[in-house]
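Some structures to go through are shown next.
Each of the next two complexes has subunit A plus one more chain, namely subunit B in the first and subunit C in the second.
Let's turn to the complex of A and B:
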């Protein structure tokens, strides 16, 4: 563990370098192999060649989307784990993925919506709606949104939306074909415009998380201690929930449901820097970005020339880690 | 002047009334201890005095002003509360914990000042935790952990400190250690201390002022030597006992009747 702020700063710097490296690798490696010289030319002196077009319209957007989505999912996961005091929590607990999937399938089935761009907005609205329902259900009652009530309400709402989605898909095979690729979670074939559309939400989410980091630290000590220290805990909880919706809702809007980044990255970050969210959150952002870019590069090579949805790669990475955390949690008790 | 005051305070969980129209004054610069049976509402009352619980009726006054209407961060500069068995996040160090006590003094612009640094250093010294500052809280023994939490409330630099059963789960040595520490804080720095204690004999030894709670009301309050009697213990705890004097301190000492081995030859001990 990096115990001093000096070591933590150095770690952050190393992660920045790693991040740049993976971005470059994501631009260069894939079905159409190219090299770094070609890549630089694509930005400085684009001659309209096949390689240059691929770099500009496919590889670069893909790298940037992977970076933004990976960073946001990891930060949202850390906030979610803090809010629910549950080490296995992810933005999925807020019903974000289930709500997004529900809206997309609903509109594909009943309103014949087909464009990925419209999917973006549908997914975001569905995610926000599901999270709002979860938060309202758990905030009812005398103690407000306690970690346990949040987890229970989230699990129930997610299950409800997921079963409604499956019901519609079972009745409508054509819709199934259309949304299957989206439901697996992928960043291939996403246009830069889709990222730009949700970029303001991402930016507010990133900056907002860093500004709220110290308040999250206080909230982690329990409601009574936090209130005793003069924190308005309900306001902070609502703020954190909104940030999760912005970060994870925008991610699912662009890339579909990508699992496990939101669960495992916060654990890696905490193992490196401890419990202070002023460090945990920036570490999450960089590690999440690096991991998703790397998983996306892997997705290109596993079944070459075909591609695997990146959500499946992260699941392969995530499952063993998930079991490890669960076992450690049980053993610690 | 009173440090804290409750006026016709009614507290409830849902529709169950826990405390009913209670009036109370907490004397400034003294140690006040709440006693009463399990579930009598003494912890609830303490939480309401610290504005952690919203009253159903009546109000709480902090230095004469209604606590619910004061900005909560301003209250946190005057009054600190240590809830019952608090838990720190896994891996949090003692120093990190104690630094959180400075939260009421932090703003977006002013994150950490010399004054904060001084307050943290003093709090660690007063609780003799300086040596253990870099240790994770969850690796400490029960007594050390409680001292770490008390250090956090001290770092808050408040005149009033409220503690909910600060000695629960501690062995006898550490109970005395914690209470001695609080006693010294009161003696040397004239801090007002209000706490809930289960051990009546220790309450009598350390408290200037005892508040006995029964039936949603105050049954009796005053100096321990003036109010603690067989009758009070019987009414408040539903227990028969004999009250004598602590041979070391002269404060009231309550010896419960009941069963057990008896090696005394005197008559009339067994009831």
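Let's turn to the complex of A and C:
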């Protein structure tokens, strides 16, 4: 663990370098490999050749989207884990992805909506609805929102939404064709405009999370202590929940439901820098971005020349990790 | 009036029969017969339940006979058998793990069977989308998938004994993995297979034929009978490890046998009706409230409830949005997910 701020800063710097490297690799490697010279020329001296066009319109947007989505999902996961004091919390497990997917499919099927701007809002509403349902369900009852109840309620709500989504898709094959790849979670073939459409929400989410980091630290000490220190805990909780919806909702809107990044990354970040969220959150952002870009590069190679949705790669990476955490028995405490 | 009546045949067979359970089971049987008749009569062409009954006994008009026998009966029978299998599989698991939240879908067993079936369809079909080996192997494939998943979940959740909570969490994780595998296979296949597989994964008996019935029926009926004959073993399992061992049971052996029964039932149901969710959770639970937790009565009651659920869901899927077909699994999930949440409240061990 990196104990001093100096070491943490150096760690952050190294992660930045790694991040740059993965972005470069994402631009260079793929079905048609290119080299770094070509890549630089594509930006400085674009001669309109195929390689340059591919780099500019396919590879670069893809790398940037992977970075933004990975960072946001990881931060959303860290915030959720702090908010619910549940090491297994993440947007996927909590039904947020399923809710967003449900809304999008609902409107594609019944209202013929195809504009991305509306997709984004639909994803937000679905995410917010699912999150609200899960929180309300698990908060009722004798002992309040225990981690276990949150997880199980999230699973049930996710199952409900997923099955309704599948039902609509089964009745409407054309819509299935349109959204199947999206539903599996993928960043292939997404255009830069899609990222730009949701970028404002991303930025608000990132900055908001960093600003709230100190308050989250206090919240982590438990409600009683936080109140004793003069914090308006309910306001902070609502704020954090809104940030989660903002970050996870826009990620889902761009890339579809990509699971497990939100679970894995916060654990790695906390193992590196401890529990101070002023450090955990930036670390999460960088590690999440690196991991998703790497998973995306992997997705290109597994079934070459076909692409695998990156959500499947993250699931294969994430499940063993999830099992490890579940076995370690943090929940038992 | 006494609560139990004793039933003896010769010296070797002797049962205590719970009178209330018998009454309730008969009521459930009547309900399922009614749904069966209504379902066989509903569709593009309406046939009254009375006419349906007549036709089934061989006295109906030719037209009715064709409609009922060739189009409606196979899917209703598949729904019936799948519902019974899933419900009994759930009842066995709940008794064995002694946790009301256990069910084939929560533990990932349904997901494993689904992944196995999609793998089977992908591996053994040629370019014309026809199978290269006999479809008779499909239930076996689903069974293998279900068993492997169940063993995997069981092993991963084992850590100085079996905590139910850990089992559920690991089950959720393995389901996610199986789902990823299924999606992967669907995406790499052609789109028509994807949409087929999607209908099927949601759980639908659409397109069931007599061939499916003749494949599923022996599999399901033999296993259901075997389960019922093992009811005593389950009763002892439910007392807890120490008492069961004290009563002279070889616990792990029986547990393994029961797990196999449960996965075989799930595999058969999933192979022909797809992942109809939450039936294995709801049916045994409701049955337990109705007839108590002695498995001799619980298993038939669960089976009937399961059959009622799936047949009703299939009927609703056909009729509510006609001429569109909604997979039966959508309705069972729409009822089952809230029920799961309700169970969550009631459970105290959180």
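Operating definition for what follows: the second predicted complex is superposed on the first by the 289 of 333 C-alpha atoms of A that agree within 3 Å, B and C clash if a C-alpha of one lies under 4 Å from a C-alpha of the other, contacts with A are read in each partner's own complex, and residues count from 1 in each chain.
The rule is short, and it goes like this: contacts are C-beta pairs under 8 Å (C-beta built on N, C-alpha and C of every residue); 3 or more make two chains touch, one makes a residue touch a chain.
Everything numeric here is computed off the predicted structure, so don't read it as measured data.
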First (subunit B), second (subunit C), both or neither touched by A:227: first
Touching partner for A:171 - first (subunit B), second (subunit C), both, neither: second
Subunit B versus subunit C as contact partner of A:214, first or second or both or neither: first
First, second, both or neither for A:259, with subunit B first and subunit C second: second
Partner chain(s) touched by A:279 [first = subunit B, second = subunit C, both, neither]: neither
Partner chain in contact with A:270 - subunit B first, subunit C second, else both or neither: first
Shared contact residues on subunit A - subunit B and subunit C: 142
Contact set on subunit C toward subunit A in their complex: 101, 105-106, 156-157, 159, 163, 165-166, 168-170, 172-174, 176-177, 179-181, 183-184, 186-188, 191, 194-195, 198-199, 201-202, 204, 277-278, 321, 324-327, 329-330, 333-334, 337-338, 340-341, 344-345, 348, 350
Contact footprint of subunit A on subunit B as seen in their complex: 13-14, 47, 50-52, 71-77, 80-83, 86-93, 96-97, 100-101, 103-104, 106, 108, 111, 134, 156
Subunit B contact footprint on subunit A (complex, rising order): 3, 142, 211, 214, 217-218, 220-222, 224-225, 227-232, 270, 274-276
Subunit C partner contacts - residues on subunit A that touch it in the complex: 88, 92-93, 137-138, 140-143, 146, 148-149, 151-153, 155-157, 159-160, 163-164, 166-167, 169-171, 173, 176-177, 180-181, 183-184, 259-260, 303, 306, 308-309, 311-312, 315-316, 318-319, 322-323, 326-327, 329, 331-332
